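Two complexes are shown next, each including subunit A; its partner changes from subunit B in the first to subunit C in the second.
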Partner chain A sequence: MNIRYITPFIEATQNAFLELLGSKPEALTPFLVRREEVLDWDISGVIGIAGEARGVVVLSFPRGLAQEITTILTGQMKTSVDDDVIDTVGELVNIIAGNAKRGLEEFKLMISLPSIVQGDSHQIGWPSGSVPIVGIPFTTPQGHFNLSVGLENIITV
Partner chain B sequence: MASRFQKVLTNILRSGIQTTLEAEDEIRLLFINSIILVGFLALMVFALRDFFAGDHVYSLVTASLAFIVACLFFFIRWTKLVQVGLWFLPFLMAAFYGYLAASGGAGTSGALWSFSYPLVAIFLLGYRRGGLFTIGYVVFLGIVLFVPQLTPAWNMELDFKIRTIGTYVVISIFVVEFEYIRLQAQREIERGRKELAKTTDALLAEKSQTDGILHNIREGIFLVDEHLRIVGRHSDSLTQILDLDDETSWDFSTYFDGKLPEKEVQSLRDYLMMFFQSQVRPELLQTINPLETIKITTPRGRLKTLAFTFAAIKLEGRRFILASVRDDTLTAELNQKLKEEEDKAARQMRHLFQIIHVRPELLVQFLEDATDEIADINRRLKANSLQAQDDLMEAFYQGVHAVKGNAALIGLTSFSERVHDLENLVKDWRGKSPDWREILTLTIELSKIQAELEEIQALIQRMSTFQKEMANNTEPQDLVVMTVERAVQRLTAETGVQATLDLKDFVTDNLPSGHRKLVKDILVQFIRNSFVHGLEPAEERQARQKPLTGKIKIICQDRGPFLSISYQDDGRGLDPGRLRQTAIKKSLKNWDTRPDHEILALIFENGFSTAAEVSVHAGRGVGLGLVKTRVEASGGKVSVRSASGQGIAFDIELPKG
Partner chain C sequence: MPMRILIVDDSRIMRNIVKNTLLSLKYPADVFTEAADGEEAFSILEKSEISLLLLDWNMPNLNGLELVKRLRSLEKFQNLPIIMVTSEAAKYNIIEAVKAGVTDYLVKPVNEKSLQEKIRNALEGTNV
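What follows is the complex of A and B.
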């Protein structure tokens, strides 16, 4: 795992929120995530990474924040995680992945289209083997969310 | 409507024949039907006119002729026998024209009709056969005109007669000439058409070959013009390999837009443009190909590894790049996987090497401690998000330091070096409050160390599983017994001699471990001896009234200070007479007078063998000698008993100590 692979995702996340919701989420102290750990998130967008590094980048939101974001963006009041909420989070993660792609141009890295995982305390399918995983919490006026990265270097830099 | 009228007319003129005919036959068919039609109408007109003019004979003749002509038309139409019509009509017309000429016709101008005869005859039957008719008719006409008795009805001026004949001949000559030229032209056209067809066929065959290649080849092959556009035809695989949605006139260089960094796309364009400059050497261009292997995301979002090759070609004066592309995705993925595995294996090997030198209980303790330390750091990291802690970095440092120290202490050098690097990073932040960005760097490093720790744990797990698997196996079989059994099996297979092995009194529990190898080697030697010298093949045993299968028995007994091992087989045994002869031959002292038991002991002498030839198993004369030497070296004794034809027995006594 190389920090230079992760920074584009952090910046893309912050910019996307700033543009769409008007405030820049603040990053908090990162921590280690164990692969079997179940985090208290309700909806996640998973972006696959391949190339000189292999793994996934995951954006996880609690239910409340996901609904709040959807309310702001669609103008409809959301009180449950319905298809609109899932679509909105999917679109948001899509935008973030698209922006991050630009920041990753200098590397031999490819990123997949995001897929959405939803459900109480869902688990993320991290790459097999002992892959280092780091979580970066973000805080917004609407609540916390989390960016987790599990990457394995293939070409050692 | 015009086309319908045309269809009806064509049907009438072709006598209802639908199939395509040879050009020559077609012309004749159309011609005969035209003549019939025109002739029929003309004859009917004349018949009516003559009838109303009161000339009933002429009218009847003309009408009958019209009827015959009509019959001919339907005859051809029904039977499709065009040839019959072609041959019949000239006769009919010769008769009719002759009658007209002879009778003078209306206004004594009947002879004028004769001028159309060469046209009809030659066009119907060709210039050769038609020519004969023409000549025949002119002779007939001459007779009609110049023999007065034949033309009583009228008289014609001589000049007129001569001119009539002359005109007829001139017309005939021109018609023959015309027909001849027409035929030549027709043949010429036919030949040209055939040649054209042949060329077209060849071209079509060539095209279908090219098509076949372009449809089936797995590589994408295409042409690029000087505007870097893909032009002309390309192999079918191309759209699949490049994942193109729309293949109409796309730009090869824009294909890479957004897939490669802009600078690389520009240099790719520059590279491709070099193919259109004649001064650049092709070999040089090959070596600097930037697309030799390239990883890109295709327009449909698939990740591919593609390998391109380019060559400059000239077609009709224009320069093109002949490009081919191969999909190497699978190969690349495989290589990557391989490299991944290799790296991992190397790392694990390093770990393994160090782990096996560490005492297990120390290692377990270390792993527990290290996991705890890292978990503790992580707890503080997580807590820091909620409430900033002044001592976060200090705790981070101390935790990492402890892990490093412990790893170095028990000898996990490479692991401790990794941790040491992290320690150096953290050291600089002691007593400070770095922002999340700096902490992220440290966290990433920590996560790598945690991953490595997990790897070590997994490795130990595997080793212990392995150990357990081994331990769970049923009591390992005694190695001596196993070796003996295997030796019998192998020699049975090699010599074809059958023998059973009796080990029921072969108790190896009290065999001192120091003697195991010796006993094993000795027994293998004896077994070899039995199979090569002692045990007979089945036929020989039958002749001697022995059981067909030979028997080997080994006994091992505990006799206080000594261990007694007895080996027996029921083979030929030793022949003292033969031994004595061998001894005499090798002139080993004066053996002919020695007693038998001394003779038997000879087999333990090095270099003494009765085998005729040296093989893997026998003949070197060292086997039994070696047994004796080694038994005596360990303080024991060996002796041999034998009854010729009954078998042999070796007795060994070994001191236990």
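What follows is the complex of A and C.
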């Protein structure tokens, strides 16, 4: 698989976790996401990308890990997906998408405000067309999460 | 002039992270004011004496860049120190923000050392 420009997203994710949470998640082998795939996650933060390439960045967590990250950031124990957990997931995907632009400087890109999708095994509406969506699984001592990226004209397989 | 820092970010978590970072640097708790978007920030700025603005870029209603342009078009805010604190890490974003009139630029996630250094530089030469 020849995947270009995935590295900035991996580095941005690892750096965000390291700076905010004190540990660097390990990136596992990237894979191609099937469009019809139902995600095995409970909460996802979604950022749209526009400009010299259109696309989407999706950061997905199981409920427990999203709550645990929010507990670390707020210092308050989170036992449900409340506004703070939603805010945390949105801000994390915002930081990852914004920071990844540093490694994609040859394209002028704009990022949207984050949206949140919640629910057991929810589904993401990917952009239409032939843009491949690449999933990058990450693992932390507290559990797994996933970053999916699809960028027209930039990510090719 | 007593120090008053306005932290503007649509993420409450991020406002708290910035505030807690500054508290750990021994800034007193009563110097902070918060706003969740550019419009709310502008309304606070019009009514209060703010000595430093820590401003996110991507926000609903009025974003950070639009607020900077609005502020710099008004004489009252020509010299207000503004540090853009944003996830937008591309060089062309930094150039755009500097052209709009930010005093300095800090890419999220913030770390204590760079935040302290940027604030110290931004307030240098002011009477705070």
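The definition used in the following text is that the second predicted complex is superposed on the first by the 147 of 157 C-alpha atoms of A that agree within 3 Å, B and C clash if a C-alpha of one lies under 4 Å from a C-alpha of the other, contacts with A are read in each partner's own complex, and residues count from 1 in each chain.
Convention: contacts are C-beta pairs under 8 Å (C-beta built on N, C-alpha and C of every residue); 3 or more make two chains touch, one makes a residue touch a chain.
Remember, it's a predicted structure, so these values are computed and weren't measured experimentally.
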Q.
What does the overlay on subunit A give for subunit B and subunit C, a clash or a fit?
A. clash
(Q) If we overlay the two complexes on their shared chain A, which of subunit B and subunit C does A:113 touch? Say first, second, both or neither. (A) both
Q: Please work out whether A:132 is in contact with subunit B alone, subunit C alone, both, or neither, and reply first, second, both or neither.
A: first
Q) So, does A:95 touch the first partner subunit B, the second partner subunit C, both, or neither? A) second
(Q) Applying the document's definition of touch, where does A:105 land relative to subunit B and subunit C: first, second, both, or neither? (A) both
Q) Hey, which part of subunit B ends up inside subunit C in the overlay, 243-251, 279-287 or 333-341? A) 243-251
Q) Which subunit A residues lie in the overlap of the subunit B contact set and the subunit C contact set? A) 105, 108, 112-113
Q) Which subunit A residues qualify as touching subunit B in the complex? A) 1-3, 6, 27-32, 50-51, 54, 105-106, 108, 110, 112-113, 129-134, 136-137, 152, 154, 156
Q) Which bits of subunit A are touching subunit C when the two form their complex? A) 15-16, 19-20, 70, 73-74, 83-84, 87-88, 90-91, 94-102, 104-105, 108-109, 111-113
Q.
Could you list, by residue number, the parts of subunit C that touch subunit A in their complex?
A. 10-14, 16-17, 58-60, 86-93, 107-111
Q: State the interface residues of subunit B toward subunit A in the complex, per the touch definition above.
A: 261, 295, 297, 301, 303, 336, 339-340, 343-344, 374, 378, 381-382, 384-385, 392, 436-437, 439-441, 443-444, 446-448, 450-452, 454-455, 458
